[in-house]
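Alright, structures below, take your time with them.
Next come two complexes built around chain A: one with chain B, the other with chain C.
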Partner chain A sequence: MRPARRRRRASPAVIAAAFLAPALVSLLVLRIAPAAVALWESFFRESLLRGGSVFVGFENYADLFGNADFNNALLVTLVFSAVINPLQIAVSFLLAVLYTRRAAGSKIWRSLVVLPIAVPPAVSAVVWSVVYRPDGLGNSFLALLGLPSQPFLSSPQQSLASIMVLLSWIGVGYWMLFLIAGINDVPGELYEAASLDGASAWRKLRSVTFPLVRRPLAFVLVADTVSNFLVFAPVQILTKGGPSGSTNLLMYDIYTRAYTLGDLGKAQAEVIILVLLTLVVVAVQFRLLRSSDSE
Partner chain B sequence: MTAPATSSNRKQRRLGYLGLSLLGAITGLLFLVPLWWTFVNSLRPGSDTFRFLNPLQWETFFTLSPTVDNYAALLNSDLGLATWNSILVSAATVVIGLAICSMAAFALAAIPFRGHNAVFIVVVVSFLIPFDAIAIPLADLFREWNLQNTYAGLILPGLGNGMAIFLLRTFFLAIPKDLVEAGRLDGLGWWGIFRRIYLPLSVPSLIGAGLTLFLFQWQSYMWPLLNGTDTQHILGPIALSNLQGQFNVDYGVMFAGSIVLTVIPLAIIIGFQRYFIQSVTTTGLK
Partner chain C sequence: MKRKVLAATSLLAAGAMFLAGCTASPQKSVPALGNEGPGTGTVNFLGPEDPATFAPVIAAFHAKNPDITVKYSQVPFDQLNSTLQQRLGAKDETIDLYTVDQPRVSQLAAQGFLEDLSDLKDRTKAAVPEAQFSVNIYDGKMWALPIWNSTQLLFFNKKALDAAGVKYPSSDPTERKTWEELVTDAKAVQAAGTKYGLLLEQVEAYYQLQPLAESAGGGPGITGDKMLTVDITNAGWEKAMQWYSDTFSSGLSPRGVGGFQTSPLFTSGKVAYFVGGPWDVGGFSKSNIDWGIAPMPYFEGGSKVTPTGSWSWGINPASKNKAAAKKFLEFASLDPAGNLATTAATTIIPANGAATEQYLPKLEALGGNKTKGLAQLIAHENSESAKPRPVSVGYIQFEEIMGKAFADIRNGSPVNDRLKQAAQQITDAWKQL
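Moving on to the complex of A and B:
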């Protein structure tokens, strides 16, 4: 009896701390500490002359912005984001609309679109490496349509687009799930009312469905943007950033800078730039969505 | 409304139904093609992978003489061992991670204490820092801590998952506080309330959070590449991509490995489909 009473008398903060400790320690040590370390080390540089690392202020950042490879990686990443995010969201929205209409076998076909989300990124890269081979499945399909063979990954003009296609193959079904959930929440009476007013299918899509799935759309936009900033596996497995830097996304550039070039200080600065870029884009998207919400 | 108008309306509707069904079917099948082709090729010798591609024919997508040789070969290969490692690491992550995350979620949802907001901020901030972005600085730390090429090194980063904590907290908040009071009257401490009241009531959300933890670990590529590449600790996706980079690739075995690495999460997602969709939508909408 007595220990129980004593336990009850322990302050809630102590008990809460005990419950929270393992999770808090792991979040602090494995998420926040490495970010802090990256920030700290981005201000230092290994010096052979003086031995050990030397404080250099913002020099690593300045060097990066004067570095052609980094500037190219930044540009490739921004172009990649500007194209893939609207594309994936438009496609997953249209698919969500398609698969929530009354049609034969809708559930079955929908699950085939969702299926690739189970495929790990590395596996999808390996599978598509064979699809994209000169004698692979991709060119067989083009031949069927009477189109000439394409170089896909070995062409600087097509490599980034090829990576977008394989990423969308995994991603679109996942984002579609959120939008389907949103569309199913739209009350059926709204469509009936619109139909009675003589609204066309397009008009209903634009004026009823679209505004009402704005919340899930906003979430998908933000989450998709973040995940596309972090693309790494397909680049590392398929193209190593090439040909001629055309697929050198920031994540891969950081990886080569840290491990191939061994320039940890600048790699850490690049990590910080990537995290900041992500946070800024997410914040801007939230802002935009909130101001259009209050309209 | 006149009679002819309704009949043409009905015809139009039937046409629309047919068109939508067809469009849905074609889209679905196109999404299936790469995986199906991988599956079919895993059932025939690697030397036949490119045999039926030019031109496309029914044999591209079907085989009358399936063999499981590739899967048998997988068992004794490095890729087989790597797949076992993936299973082991993911299972440990789910079990330990669920314990850690549900305890934290319980404290945030049920125990009133000062500093609640500060803790919540830590969870949200850790959630905003994308893990892959900090994987390189973390790998550097793990090298200093001698955690490189260890199971612990592979498992640890998957344990504290802000998303899982958030998910569980949302569910715990919906549990009536009266139950806490009733538990206390029965002489339960906080641990008892957590173990005997909250956990049994939260099985669906525990499954949802478990899936989140599992998929984080199973889908990860960058971390196991940075932190565990010796033959004893290598994970499935890394071993598979190493295979792809070799000059003499046995495509049959590579495809069999791809199928195994896909079927395991697929079976788990399908088995817990209801919870998966639930956890997906609650994270998106709340």
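Moving on to the complex of A and C:
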């Protein structure tokens, strides 16, 4: 008997699956499995004294919505997202426009804006803790301008805004990079044509630049929104959610519930709520972008 | 268009999954599976300190017991509790002995993560101060042996007091100042040009603020047979916290300065009176300012209470070499020479009474003239005014929630409302125990 000479050809689908396997397996193990575990555990309650865990159905969710601290965290997170996302994107866009102009030293300025990305968030938080101290840089600067000193992180009215400033210091440069790439892709002829038509700088920005960077802008909007839902380090290092819960973002509330209060069931329920919230907000953003696309 | 939606959906899914992966699975309490072992061989020891800290005690033990080798591994303090929860929960037998933050003894014992050491009760009671003994008892049994102890002292800046013509407080515990007197003096010093009158080192920590409430008659904040009833809305707590709040609203103490920024403020000469620990003696001695020490104050008409407690060590029930681990533990805690060796490379009070006696004069000498009377003062506080943190399985939740309440009170939240809110939060958190 001679062995069959015919070489078996694997189908393209099998080959594709083989190439995709590492990514798919890690997606399953690192992402989908923990998500499933989170959902499953959110239906249980762990008891230290009685021992073991008990199935409680949706009780963890019901308890959360009846809990003043959780409701406050939800509100703070929504306010935070509603303010910081438009703010960061607007500033990144304006900076991107500014730094794509051919001006003296614009590359140096651009690098300076991007620099904070290289600093780990925890280190940035420590740096800003010095800025926000009562006798710190922030108040020295205000004094220089003849303004009264501010409480910053120790005031419930100013703490969230102070965290937003710190995060924007890190984030704006990062998002700007994507927008600069987008702006550089806009063909120069379009600007020339607009100039010939007598368009002002503002008109060029509004009618040429803005519509043509909508794709990178959409990415930045979604990615920025998701990343701002995940803010944790500055809150943990600077305010611990205070004063009076004014900076208690959901991510930090989850951490506190899971690791300091030891209430894992409720923490997992809160994770699921945060995931759903993120999904809804981002879905709405896509809906809006799509409808403006088809116009 | 479709591709864009696909890309966005996967991005979103990735973000969502990232979120979902952020909490670990819970730990189940497990029955002990370890055994006594041969009494020789290797003891694996886990803790948050730099390896150099424990090198002297390990060397001293090895010299006496050449057939036992102690292998120490360090886990950073911030990760210690979660690491312990994970590894002990998984019945990890590669930990034989580990360091236990004293207020956590009861929870770790309830979880089944500590070996019962009750047969050493009598010897321990005889060797250490009462507060260092009782802190290791939960449910009538002893679960860990005390290694280190602590207290709090009132440090003062001599130059600042001189400028205001204010007399130095005495280091004699019988001449202990009241908080009321201290505030009067601190205001006078502040008026004479020192930036802040008073500062507590751990501004938002229960460890340092418990004595305020205790001195005002408010108790530790936890009562009941099971130590699971919160009691922080009584007159004593309200008085103490109102006083604390006032020190910040009057500008006597600075807001917005975190726990790790307080001692540099004292050594830079900006603070008149500073309440800190013996560990500050080493650091302050290296600074350029002239300072002195006095006992931690109390409220007029109230009791004299100071903080205490530090680290104990306990044995992992899943260990396969318990006998050898216990031998090392007994040496480090109950043998004065061994206990003293744990402090050879750091500035901390040993828990063992006989070791403390030998250690304190050395600590006093470290500060030279500035710390005259320190040894006698600490010995007095250890035996007379030390009040340990309450032993409760709900201590961890209690401490966390109180920390936030202290922070808010310091920043001007109305005291009564904030204490009521904290009491409610603690009650809620304890329900799931």
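Keep this in mind: the second predicted complex is superposed on the first by the 263 of 295 C-alpha atoms of A that agree within 3 Å, B and C clash if a C-alpha of one lies under 4 Å from a C-alpha of the other, contacts with A are read in each partner's own complex, and residues count from 1 in each chain.
Just so we're on the same page, a contact is a pair of C-beta atoms (placed from the backbone, for glycine too) under 8 Å apart; a residue touches a chain by one contact, two chains touch by 3 or more.
Just so it is clear, the model here is predicted, and its values are computed rather than measured.
A.B. asks: Considering only the touch criterion stated at the top, classify A:P151 as touching first (chain B), second (chain C), both, or neither.
C.D. replies: The answer is second: A:P151 touches chain C but not chain B.
A.B. asks: Between chain B (first) and chain C (second), which does A:L264 come into contact with in this model arrangement: first, second, both, or neither?
C.D. replies: Both partners.
A.B. asks: Please indicate which partner A:V186 is in contact with in the superposed arrangement: first for chain B, second for chain C, both, or neither.
C.D. replies: neither
A.B. asks: Per the contact definition in the header, classify A:T256: touching chain B only (first), chain C only (second), both, or neither.
C.D. replies: The second partner, chain C, only.
A.B. asks: Taking the superposition as given, does A:V37 touch the first partner, chain B, the second, chain C, both, or neither?
C.D. replies: A:V37 sits against chain B and chain C alike.
A.B. asks: With both structures placed on chain A, which of the two partners, chain B or chain C, ends up touching more residues of chain A?
C.D. replies: B
A.B. asks: For A:L230, is the partner it touches chain B (first), chain C (second), both, or none of the two (neither)?
C.D. replies: both
A.B. asks: Touching A:L279 in the superposition: chain B (first), chain C (second), both, neither?
C.D. replies: So A:L279 meets both chain B and chain C here.
A.B. asks: Should A:R110 be classified as contacting the first partner (chain B), the second (chain C), both, or neither?
C.D. replies: A:R110 sits against chain B, while chain C stays out of touch.
A.B. asks: Could you say whether A:D135 touches chain B, chain C, both of them, or neither, answering first, second, both or neither?
C.D. replies: both
A.B. asks: Check chain A for residues that touch chain B in one structure and chain C in the other, and list them.
C.D. replies: Dual-contact residues (chain A): 27, 30-32, 34-35, 37-38, 41, 129, 133, 135, 215, 219, 223, 226, 229-230, 251, 254-255, 258, 264, 267-268, 271, 274-275, 278-279, 282.
A.B. asks: How about chain B: which of its residues touch chain A in the complex?
C.D. replies: Contacts found on chain B: 17, 20-21, 23-25, 27-29, 31-35, 37-38, 49-50, 53-56, 60, 99-101, 103-104, 106-108, 111-116, 119, 122-123, 125-126, 128-134, 136-138, 140-141, 156-157, 159-160, 162, 165, 184, 187, 189-190, 194, 218-219, 221-222, 225, 236-238, 240-241, 243-245, 251, 254-255, 258, 261-262, 265-266, 269, 277, 280-281, 283-285.
A.B. asks: Quick one: which bits of chain C touch chain A in the complex? Just the residue numbers, please.
C.D. replies: 1, 4-5, 8, 11-26, 28-29, 81-82, 107, 110-111, 195, 254-258, 261, 393, 396-397, 400-401, 403-404, 407-408, 410-413, 418, 424-425, 428-429, 432-433
A.B. asks: Applying the document's contact rule, which stretches of chain A touch chain C when the two form their complex?
C.D. replies: Going through chain A, the ones touching chain C are 27, 30-32, 34-35, 37-39, 41, 45-49, 51-53, 67-69, 129, 132-135, 151-156, 215, 218-219, 222-223, 226-227, 229-230, 240-244, 251, 254-256, 258-268, 271-272, 274-275, 278-279, 282-283, 286, 290, 293.
A.B. asks: What residues on chain A touch chain B, complex-wise?
C.D. replies: 4, 7-8, 11-13, 15-17, 19-20, 22-28, 30-35, 37-38, 41, 95, 98-99, 101-106, 108-113, 115-131, 133, 135-137, 139-141, 143-144, 169, 173-174, 177-178, 181-182, 215-216, 219-220, 223, 226, 229-230, 232-233, 236-237, 251, 254-255, 258, 264, 267-268, 271, 274-275, 278-279, 282
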